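Shared chain: chain A. Partners: chain B in the first complex, chain C in the second.
Take a look at the complex of A and B:
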């Protein structure tokens, strides 16, 4: 019986070493990873069992494939995918050219339109999630480091207001569940603290990959509010606020959640 | 285009039992779910995963609609000589994906 115990110990050590987000920071912030079942945690830790890696692999192929009227690939301008390390942890960011705050998916889409001169795939479509997952995957293990600045500060304030705004027929705000009742349960499902540490992530409920915007829209439908459309400035403002709230936590993309 | 993920060791000792883990991107639509207009969404699943090693069958899996999306299949293989592990997935609507890994036996 000694062997299984040793294997278990190795797995635990490997899990922490992989900085897979099992952090319980001294300030009490917890990644949703910490509240998952050990079986799901094992899936996230092992890249070979993590179904989100299928999207990462597809994103890598996209990174190197020429597309659009310009006939350029991402790699033609940016070089290897590894050059994207550290990018995902500082998005949403202010895009000086567009004079607006954009999230990572929005930034990739601008690049696609302007430099590749290709059309935008539909929000949440496979190619869109795959490239976002591949870029975000490069930052795995890094600490979330949201940038500051005039427009971003304004977006964070607007995002916080939205976070605390009661909405929908159930008249609930994000904060009422994810601040006040985090750690409790909603109809048998654990309520996490809502730190966006691993998007785009694989959710068993979705049987696929989804973005943070999809997750937020999902919650809005849950409180029976009309969700903002994909790419809406309100969703980006919420993203800015949530990333600041999670500043310093470990980046997990591609994460797995129930 | 489905890109399967396969994890198998590149070199093993003779007679060693090793694990092969496979993942393939597929929606695994059961055929039992009604769509937005109330009619059933037609079944679209991976029906079969076949693995051959050095010309011999290793495993031949029949998948059912009960299997979740992006099927994960792991199994153990013992190799007595070097060869290529060939995996083929086939399914509804002409779905097919394949992957091969060369394994050297020392």
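Take a look at the complex of A and C:
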């Protein structure tokens, strides 16, 4: 009787370890997922009810569709979408040709311009979010693994300085809420730790998909600051810093949030 | 209506004289405190305003503020709290300098006007701890 009980205990422990996955359970970092209602968590977990999967499906169609003056599809160069597994967890990255740091959306847009010779869809437009969601979805479950290097290290330092800078008429920094007061209640809403584990993600408040840049700009508007424009180096620097801060946590794209 | 340190005199940890000589009204002050897009107070603080259900817990409750502080002390804590606690997240409600990237719609404007601050001071002064003498 004793032995089966012990085996059962081992299985339970192994199960917890697997559930914790890439996210270390001991360091106190929490994805916003952990603080959502069980109902919302269930929606994210179930691909048939996760509304963000509509964008992923649209992104898959884009992946295989020929576009631009070059008449090429993503698949013509990259092959199957699964070849993108592991890409999203290491962006932003240094683009050697452009000699600048780019986030995943920026990288895809450069590919579109240079290889498909197609024009850029507007920031946050449906085609732009759909292809980013499809590519990022390929890394679901992987550990966030930001690369290092001179330009990226400099971007991370700049990003951290921005994270700690007080902004706007309300004169608040990201860190004052998301480091120093995470878990507290802002008008009844729990302040998350701001780990970018699931972008682009579906937010009920938006009734749609949005990027991490959109989320950061929302916060800037909230403190009555002038938001950095989409694609601004400052937003990419913040992304670099936030991804390093979330290193090792599990990738969730496409996530769902309230 | 520029707001600057020239508009008031700080004595110790207080501004004793009402801003621009305005006379505060506690009922108007209560409405400003309860208003989430004007006073913004209940985003971070809780207070004895039961009809506002979703209140913050990031800062001390407003209950009893009038027992803890004089009107002059409350006034400075609204006008420019960084003078007393530089790292406090509490915004300066009557300061327009030393800020970064203020959105154009708010540039050069304090969060509240002098008259509104006097209303809030008048309201907060009515919030006494039960049994506290002052």
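Here is the rule we go by: the second predicted complex is superposed on the first by the 234 of 258 C-alpha atoms of A that agree within 3 Å, B and C clash if a C-alpha of one lies under 4 Å from a C-alpha of the other, contacts with A are read in each partner's own complex, and residues count from 1 in each chain.
Following the convention adopted for this analysis, a contact is a pair of C-beta atoms (placed from the backbone, for glycine too) under 8 Å apart; a residue touches a chain by one contact, two chains touch by 3 or more.
Computed from a prediction, not measured in an experiment: that's the story for all the values here.
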In the superposition, chain B vs chain C on chain A residues touched: C
Partner chain in contact with A:51 - chain B first, chain C second, else both or neither: first
First (chain B), second (chain C), both or neither touched by A:123: neither
First, second, both or neither for A:186, with chain B first and chain C second: second
Contacts of A:141 with chain B and chain C, given as first, second, both or neither: neither
Residues of chain C that touch chain A when the two form their complex: 36, 40, 42-44, 53-58, 89, 91-92, 99-106, 109, 111
Residues of chain B touching chain A in the complex: 1, 3, 5, 7, 21, 23-25, 27-28, 68-70, 72, 74
Complex interface listing, chain A residues touching chain B: 48-49, 51, 53-55, 57-58, 61, 204, 207-208
Chain A to chain C touching residues, read off their complex: 165-172, 176-177, 180-181, 184-189, 191, 220-221, 224-226
